[in-house]
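Shared chain: chain A. Partners: chain B in the first complex, chain C in the second.
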Partner chain A sequence: MTLILDMLTSAAILFIVATGLLTIFGVLKIINFAHGAWLTVGAYCAVATAHMGLNPWLALPLAFAAGAVLGLLTERFIVRPLYSRPLDAILATWGLGIVIGQLITLWFGRDVQFTANLIPGTVDLLGTTYSAYRLFALVAAIALGLGFSYLMEGTRLGLSARAVIMNETLARALGLDTAKIRTVTFMIGTGLAGLAGVLLTPLTSTDPTMGVAWLVGSFMLVMVAGQSFGALALACLLLGGAQVIVSTYVSPILGGITVAVLAAIILRISPKGFSRA
Partner chain B sequence: MKIPKIISLVTGVMLAGTAMAQDGEPIKIGVPVGLSGANSVVAPSVVQAAELAVDEINAAGGVLGRPLELVIADDGSGAVGAQKAFDSLVYRDEVDVLISMETSAARNAGMPIVTRGQVPYIYTSFYEGKACSPYLFVNAWVPEQQVPPVVDYLMSEESKTYFLVGSDYAFGRGMLEFARNYIEATGGEVVGEEYLPMDGTDWTSIISQLKSSGADALITSTAGGAPNVTLTKQLRGAGVDLPYANLAVDEGTAKNMGADAKDILISASYITGIDSEENRAFLAAMAEKFGDELRTPNDLSVPQYEAVYLYKAAVEKAGTTDTRAVLDALKDVSFAGPRGVISMSKQHHAPLTMYLGKVMADGSVEVVDAFEAVDPGNQCPNL
Partner chain C sequence: MNDMSDVKTAKLALDNVTSGYGHVDVIKSLSLDIRRGEIFALMGKNGMGKTTLLKTILGLLPLKKGRILLDGKPTDNLGPKGLVDAHVAYAPQDQPLFQDLTIRDNLRIALRSDRDLNAGFDRVQGHFPFLTDRLGQKAGTLSGGEQKMLIIARSLMMQPDLLLIDEISEGLQPTVIARIADALKTECEANGTTILIVEQHLSFVLGIADRWAVLKLGVIDDSGDIAGDTQDRILEHLRI
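And now, the complex of A and B:
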């Protein structure tokens, strides 16, 4: 039972971390390697909230806003000239990630920072005691996934975004302001990364390099998932679940590389990953 | 008419000279330390401790009438930076002694330079043990001193089965290997031993195994800083409330972790709460000298402070800064510092009083037990 909960919640955490990256990759076809840095910015929003003595839950909207505003600036000044050169965009965002990491170090110092746990304690569930926060993460991941499905399927913005994904030239010819759609999508992606950073704080230490560890995993998942949120959820369940099984029955050290190895194998067999688009 | 003026001027200068009591060339102390890289969090506290010791000694007249002077060099916390730092300290600055807290990688990289340059080297960081050289002295703990107090205490609290968790690197594995042998030798049983890479963040499956193992107690030895915090947060999140001894957490980190750190057992040769005249005086002097800039003194910075005084005692005993004579004297001298009376008398290592501390709900560390003069064991039988 604990194993199943471990698998589900691990997948949920991976999903939360990877959504921001998928949003940007899905619509803009850009791999945002500054994703780890936005996660870190989000986590430091939680630190700042704690310093100001505010309710720790306020860090969530604060981090989304901070991520979105920084995303706006990044898209306008760094990423926009590079849409036709995706490889250069990888370099530029990777460099940006390093710069943000250093700025955070200058501002907050290299030390590990501490934040209050959003939901401490455990709950009794089906005969086992389990971390309340991990169960909350599962709920949060589902809410995030459903919210995003609604955004993409049920709103005007989602319709426009899907039009850009399918055929950008045609979308522009039909009078859609594709530049604006790109900006808004990028902002949502970085905002989600900031949000994910706050949600990670009860699980990990907060330090200037915390995002890097999560970047590789989410990059692999997004490569496997392609452009669809359903595929991302599937990838997280399969790969995250496999990671827990390997860690439990073989070795936690091998478990740490399970996601990367499986992703490589999946992409070798099926270059488009799980995406049918 | 003019002559008395000159005389009075000359005597004035001489008086000023004797007032400072230090006409000689300064004695240079080289401090290679990790101002950047992994040790950068703790290095400032080490430098502060060295500065206080030098200030105090100079204010009291120096050593053999000569003032002490610190030469700090960044070793980048690793081997490459250490080679540069040791090279420039030994050959360019021509320091009389090296006193420093460093990573094991940096120490190993610096040793050939120390041997070639023939400089006494006092190493002030706890480490995995068995580093031996005629030039090297160590005044901090080795596993033989740190692990037994923790295990003995847990045994006395009726913990018979243990689960060990660590980061996958030399120090983490070395400490837990020692812990496993000691537990088995004293009649306990290890029911699980698991590691995660140093940059690993997901302890989920290890925690689930710990919970299903039925262990009475948990002993961890992760890399300092982030992995330690991550593991503790996830343990508390999963509701683990077993007796929990952490071989790698320092007092400051434990304080900052707040409620999550409550009831963690730590084993150290220095805890700020040590109730002695020397420790109170040391803490007061640090607070007065550094004010708001003060980094909390800790198990890595206090040995640095004491090592400067041990070197002073050795030079005074030898009557010279000559390497051979100082090395001979370092074996015999002792200094009563914040950690008690320290003497590097056992094969260049120091018997130490080890403190078992428990983190309280408000983050302070309370001394549960003190183990006096814990022997470092046979670290260097050939010395």
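And now, the complex of A and C:
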């Protein structure tokens, strides 16, 4: 039972981390390699909140807002001129991620930081004692998935975003403000990265380079998922579950590379991954 | 084809318009006026610049020289969004539908707000009732003729003042063409909609248009009102 819960909650954490990256990739067709940096910014929002003695839950809206505002500036001044040059956009966002990491180091130092658990303790579930926070992460991932489904399927913003994904020229011809849709999408993606950073802090230590490892895993999952959130959930379940199994029964070190290796194999066999697009 | 008084009173006026792709001029110093409430047919062989002209009017291609006036005002900085806000609708020829969206969403996206949705559906139902019966069906699963009717229906959702249509009759059976022609004529007569239709289907044009022009290598080669000799004159230009 513990193993199953570990698999589910690991998949949930991966989903939370990768959602922002997929949001941007799905609409804007670029991989935001600064994703790990926004995630780190979010984690340091939790650190700052703790240092200031504020309610730790305040870090969640603060991190989303910080990520969204920084995303707005990034989209406007760095990414927007590079939409027609996706490789340059990757390089630019990668460079931006390095700059942000250095700025965080300047501000907070290189030391590893720890924050209080948002939901400490354990709960008994079907005869198993399990981390309350990891179960919360599972609920958060499901809520995120449902929220995104509603956003995409039930709102005009979602309809506009889907139209831009499918045929941007036609969307423009029908009078959609595609530039605004891109900006809002980028802000949501970077805001979600910040949110993910806060949600990770009870599970991992916080340092200026923490985003890099999560970026690699998220990138591979998004490549496997294509542009579909359903496919992302499936990829997180399968690859995240495999990661837990390998870590538990083989080696935690090999477990750390399981997602990347399996993603590479899946993409070798099926270049479109799990996406039907 | 226009003088200054036409430019001021026309619904849409093109004044010495030059446009194209990169350094290549496809439309060359073209002048044309479309009167309020008329159906104007722009004809011509493939590659003569018909679609390029529509894209230039809509702001999808940059205007290199000249002016485009909508209700007497330059459209310079409006872009597609500004023109749609000014009730200009466009029915494109290439990739004209969101294939994976439902009929409902393909119609819905033409509107700025869902508040106008029911009124839009009512308008569409009058012309193409099958669409509102199958709102949940994906557009990509419709037949070719049904897709063309959905394109026109989407254009009519916003009750446009000016409708730009690109070769809607291509590959359609006569009954579907007749339904589309009926819808366009009704819209024109009932709401005073001005329609600029790019076409190669001569009998369709003769059945609905008030005036016509033939585009040849980016310039107007001939034009006139629909009259007894129109068919022969246009055929002369379209002959390969």
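One rule holds for everything that comes next: the second predicted complex is superposed on the first by the 277 of 277 C-alpha atoms of A that agree within 3 Å, B and C clash if a C-alpha of one lies under 4 Å from a C-alpha of the other, contacts with A are read in each partner's own complex, and residues count from 1 in each chain.
One rule holds in what follows: contacts are C-beta pairs under 8 Å (C-beta built on N, C-alpha and C of every residue); 3 or more make two chains touch, one makes a residue touch a chain.
Predicted model only: the values in this text are computed from it and were never measured.
More residues of chain A are touched by which partner: chain B or chain C?
If we count touched residues of chain A for both partners, the winner is B.
Given the touch rule stated above, what does A:Ile253 touch, chain B (first), chain C (second), both, or neither?
First partner only, chain B.
When the two structures are overlaid on chain A, which partner does A:Leu82 contact: first (chain B), second (chain C), both, or neither?
neither
Have a look at where A:Arg162 lands relative to chain B and chain C in the superposition and call it first, second, both or neither.
Touch partner of A:Arg162: chain C, not chain B.
Applying the document's definition of touch, where does A:Gly175 land relative to chain B and chain C: first, second, both, or neither?
The answer is second: A:Gly175 touches chain C but not chain B.
Output the chain A positions appearing in both contact lists, the one against chain B and the one against chain C.
Common interface on chain A, chain B vs chain C: nothing in common.
Quick one: in the complex, what on chain B touches chain A?
On the chain B side, the touching residues are 40-41, 168, 194-197, 199-206, 208-209, 211-212, 225-230, 233-234, 236-239, 253, 256-260.
Give the list of chain C residues in touch with chain A in this complex.
The contact residues of chain C facing chain A are 58, 60, 80-81, 83-85, 90, 92, 95-101, 105, 108-110, 112-114, 154.
For the complex, give me every residue of chain A touching chain C.
Per the touch definition, chain A meets chain C at residues 156, 159-160, 162-163, 166-167, 169-177.
Show me the residue ranges of chain A that touch chain B in the complex, using the header's touch definition.
Residue positions touching the partner: 2-3, 6, 9-10, 110-112, 114, 117, 120-122, 129-134, 202-205, 207, 209-210, 212-214, 243-244, 247-248, 252-253, 255-256.
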